[in-house]
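In the two assemblies presented below, chain A is common to both, partnered first by chain B and then by chain C.
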Partner chain A sequence: MKVFLNTLKWIILIFFLFVALYPLIWLLLASFKANNLELQQNPFGFPEKWMFINYYNAMVKAKLPSLFIHSIIVAFSAVFLNLLVASMTSFVISREDFKGKNVLLTVIAAGILLPIISFMVPYFTIIQKMRLYDSLLALIIVYSAINIPISVFLLTSFMGSIPVELEEAATIDGAGFVQRFTKVIIPLSQTGLATAGTFCFIYSWNEFIMALLLTSSESSRTLQLGIRFFTSQFVTDYTAMYAAIVITIIPSIVVYFIFHNKIISGLTAGAVKG
Partner chain B sequence: MRKITFLVLSLTLIVAGTVFANGQQEKDKEIVLKWPSIWVGEDSKAGVVAQLVEQFNADNAGMIKVEVEAQPDYDGYEQKIRTSIAAGIVPDIFTMKLNPTTKAYYDSPLLMDFSKELSTGWGKDFNEGTVAQATVNGMVKSLPYEVAITPVWYNMDLFKKAGVSKYPRTYAEFLDAAAKLKAAGFIPTSQMTGGSNAWTSMLWYSHFLASFGGPDVYANPFGTDAYVKAAEVLLAMYSDGNTSMDAIGGDAGVSGGHYLAGESAMFINGPWYIGRVKTEAPAVYSATEVGPAPAAGSQKGAMIGFLQTNFAAAANADDPEKAAAAVKFIKWMTKAENVAKISAASGAMFAVKYDSSSISDELMGKFINASNDASFTIPHLEGVVTSDVITEFGQALGKMALGEATPKEFVEMLKKVQDQ
Partner chain C sequence: MKKNKNIRMILLFLVPVAFLYISFFIYPLAFVLGTSLTEWNGITEMKFAGIDNYKKLLTDETFLLSIKNNIIWALSGGFIQIPLATMVALILARKPKGWKTLRTIYFLPNIISAVAIAMMWKAIYNPMYGFLNAFLNLFGIEGHNWLGETATALPSVIAQTVLYIGYFMVIIFAATTTIPKSFYEAAEIDGCTTLQQEWFITIPMIRGILVTTITLAMAYGMRHFEATFLMTSGGPAHSTSVMGLILYNKMDAFRLGEANATGTILILLGTVVIVVIRKLLSGRDAGSDSVQ
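Presenting the complex of A and B:
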């Protein structure tokens, strides 16, 4: 019976590993195929000839290097701004006693449930009024704002799990409100910050619709818009587009690999008491 | 270390804010017109359109400059235009498909009405009836530009290999030909339920509607007999191996791909697809003929034709110079010789009168003949119903093809959305 259950466990795990990895492997193989016709005739096999030129086309035609820099600026700045605001908000909600703080947390966290499409018109209007249309700053502000609910939710939970005694000791040593935040809570919240930051980074890196809406020129476009360079109204060069996609997902994977331990512990922080 | 990190990140933010917040900068005097354009990147019109914009900018240096904002993703582009107009901001120049959904744009005072400009003689540059099609309540807030017909493309090589000597003109002939094609290992028709509008199948359905309902089919209430009969024929296209297995859920890449690969014998699309067939599948290009769909009803030789893309512009009521500059640019784009250049390069057809003798493409000539030979022309279904009906079309078609809905139920599903 034990052997059977063990075998079953491995079958299930291998099945889900296959389901998770197969699309990535398929994407990688498709990015090396000659053209759409080969993709159509041989969708699941290895390329007849490995077309590295697809990657060259992706880099040159879609101008990926400059878009790459824009995406890096946007993603890192959005993470920084998001964590700055979310950590201060979370500190107050998790560590201070005041009336209605649970209501406040619920209202902020409810933002997680709202579909992005519902923000499109208001954000477009706000950015136009701020005269930030077609700028990287517009994307930085919007991405950091969209991620505030999830970041506050995670950080509040994380900061709530830090023992009060540490803050009390700091207070006895003369630490004020700001010092408690900067010298005690922030250093102890690095795992939570890494988790929230990673979520914000991946969102900012992969986001398409706001980037399309809020930018227009090449000087402010991000990678996700570059990928769409290979589509047109009636024709799509899938192989070059897949090559561009492979290039763009690498940073997300790298960020996840660097922070994955912190993400897991950050997500589970505050889940149990003790 | 933390202070340095903080400083570096702050600096990044400031740099991003100052250096890259350049979108709203304005140059002195020169009128800058922003044009979010879909004719960029891989689009067949991209090269010539870029040259025309460049030439216009050179001719008007220091006075008018058209800046093209590349929008290669068409669905995203439509979303952006919708959001912009909903937010009360209209691009200086843009293009749109005119359909019942986008006709709502005509209610916006933010869009320029071209009717006055057209009445000064410009209107004579357009083919008869096209401006009328773009007129709503006396206003022409989108100018007819690209037009299209979507005949059936058929691969005569496959027909011959299957022992079919001529293209089927009736439904009975179609069934006979389909049986022979299947026996020879070919897929009779390319279909698709996916994409935002189930494009290929929506066009097949439009052809059958024309055959059952005649030129005035759309004047009849939605869901009448012709709609159900056309759905029955469309279902037959999805049955008994008359299309590929991947048609359910497949997108334009799937339906077009089977035709390009020489696997399917019949397919529907517009002239913009000519360039791709020519370059990717020259053998298929040589074997391709075009014509009306096999007549399933009493009406024969019907064609689907429509305004494909219209030009539109911001009214700029508070800035008449900018409005005049937009008109000047659109007039430039509708000049006969410029339209001829775009047509020759891309195979696209236009609502503007132009000399098409420079078009040497053989298949394009077949398109023009098919248009001339049509007994009558109606728009496709997408052009006469709201976008939510077309979104439902693909869903309902998938359901019908899977045997979960009858043709009558398929039509009722569409009617329900239409009535809402």
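Presenting the complex of A and C:
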């Protein structure tokens, strides 16, 4: 029985390891293969020759470099705007007393439960009214707004755990309202900011539907849209398509391996609170 | 509560969030609910239409099929994905060799974009060049056109999502770390096997988080859209259609009133699922609920 359970345990663990990892490895190998024929004849093995040219083709045909820059601008600006607004909000909710602050927190956090896809029409209308249609700024504002509930939820609980003595000491030293925020709370909230910021970054980097909805021209196209257009345009050239997908995945994986502890502890904080 | 002398600064600090939250949550919610009762194409004036849009939707077979598919998505999330995630979380909670690395890798697919994941799985399911058919052929099993046949399309898209357990696994795993070790030591002394310990100690102790994750997974199922849009666009023969897709298509065709009626139904059904599931799952023998 013990041996059986132990074997079963490892079968389960390895199965999910396979599910999580193998498709990515397969994609990576396929992206270096020569052509569709090699994909068919050699579906699992290493490529006969490593075709780095596929990556060059993907870069040039899909204009990946400029899309890459758009995505970087959007993701970093959205994170900055989101953290600025969410940290100001969380600061007053977690460090000040005022009427209705619990209601305010509940209302903001309830936004996590709303299905954003049902807002497709109003978001389109609002962005058009703001005269921001087909601009990177539209995406920056929308992405940072969509992530406000989760960021405020994470940051209020994080800032709430900072000892009040530190702020009192700063007040005695003559720090005003704004200095308490900028000189005490913000520096002490770096872990919380990193967690909230990582969530917002991954969301903004990966977001697709709103980008499809709110932009139309190449000058504001993000990487995710580019991949979609590229894959529907060049359906016959599978290897270059795979290379393009790999290129979009790499930044997410890099960010993840730097910040995975923060992401996992961010989820953990939510879970332990229930 | 006494009046705070900083009230002006507090209000000033809340101006940005008020702007963003009202513009992108409160106003859109009111807008969707309100315009769902109109006939509107985005160009000419809105016309009040009462519940016409709802009547039309609820007698449309494709829409009803989409609701059914969303419910299948929700049930797969709540009752396949969460049990699998729980199983893996409980195994990892006993800290087998390499558990930290495994946890990091299981979570990895969750940070990759839906577009990349969808395109990757489209490649895997590809009848000519895909790895799934090549793999099955090794065992002499005939392949399928997985996304092109009505019988296999929906299960194929769902499998692609449900097998990625990392997100919920991490949450459930975190809940297990709050259980005192002494519980298990006591059970061990009383002669409980590992499986008995999991069933009689761990599961009841993490019940609150299980209810939360089942609710979340089901809510995600009700609003599912992206992978279907990218992999099958609802086909073949509408067999994979979901409400989000109907909303998108109505919007694309400038039937904005109908699109927003779809959005309203989506919000309502999502809320119903959250409320009903929480009631059903946490109502039963709530007395033994010691955590949460």
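Remarks
The rule is simple: the second predicted complex is superposed on the first by the 214 of 274 C-alpha atoms of A that agree within 3 Å, B and C clash if a C-alpha of one lies under 4 Å from a C-alpha of the other, contacts with A are read in each partner's own complex, and residues count from 1 in each chain.
Throughout what follows, a residue touches a chain if its C-beta (ideal position, glycine included) is under 8 Å from a C-beta of that chain, and two chains touch if they have at least 3 such contacts.
Computed from a predicted structure; not experimentally measured.
In the superposed pair of complexes, A:G111 makes contact with chain C only, with no contact to chain B. In the superposed pair of complexes, A:S217 makes contact with chain B only, with no contact to chain C. By the touch criterion defined above, A:T231 lies against chain B and chain C together after alignment on the C-alpha atoms of chain A. Residue contacts after overlaying the shared chain place A:F208 against chain B and chain C alike. When the two structures are aligned on the shared chain, A:A30 is found in touch with chain C, with no touch to chain B. Within the superposed three-chain arrangement, the count of touched residues of chain A is higher for C, of the candidates chain B and chain C.
In the superposition on chain A, A:V3 contacts neither chain B nor chain C. Contacts of A:T125 after superposition: both chain B and chain C are touched. Using the contact criterion defined above for the overlaid structures, shared-chain residue A:V255 touches chain C, although it does not reach chain B.
Touched by chain B in one complex and by chain C in the other are residues 36, 39-40, 120-121, 124-125, 208-209, 228, 231, 238 of chain A. Per the touch definition, chain C reaches chain A in the complex via residues 1-2, 4, 6-7, 9-10, 13-14, 16-17, 20-21, 23-25, 27-29, 31-32, 35, 42, 84, 87-88, 91-92, 96, 102-109, 111-116, 119-121, 123-124, 126, 128-129, 131, 134-135, 163-167, 170-172, 174-175, 177-178, 193-195, 208-209, 212, 219, 222-223, 225-226, 229-230, 244, 247-248, 251, 256, 259-260, 262-264, 266-267, 270-271, 274, 291-292. Residues 9-10, 12-13, 15-17, 20-24, 34, 36, 38, 40-44, 46, 67, 69-74, 76, 79-80, 83-84, 86-89, 252-254, 257-258, 260-261, 269-270, 272-273, 276, 280-281 of chain B are the ones that touch chain A when the two sit in their complex.
Chain A meets chain B in the complex at residues 35-37, 39-41, 61, 70, 73-74, 76-77, 80-81, 120-121, 124-125, 128, 131-138, 140, 208-209, 212-213, 215-220, 225, 228-238.
Those residues of chain A whose C-beta lies close enough to touch chain C in the complex are 1, 5, 9-10, 12-13, 16-17, 19-21, 23-24, 26-27, 30, 36, 39-40, 43-44, 84-86, 88-89, 91-92, 96-99, 104, 107-108, 111, 113-115, 117-126, 141-142, 144-146, 148-149, 152, 177-178, 181, 202, 205-209, 224, 227-228, 231, 238, 241-242, 245, 248-249, 252-253, 255-256, 260, 263-264, 267-268, 270-272, 274.
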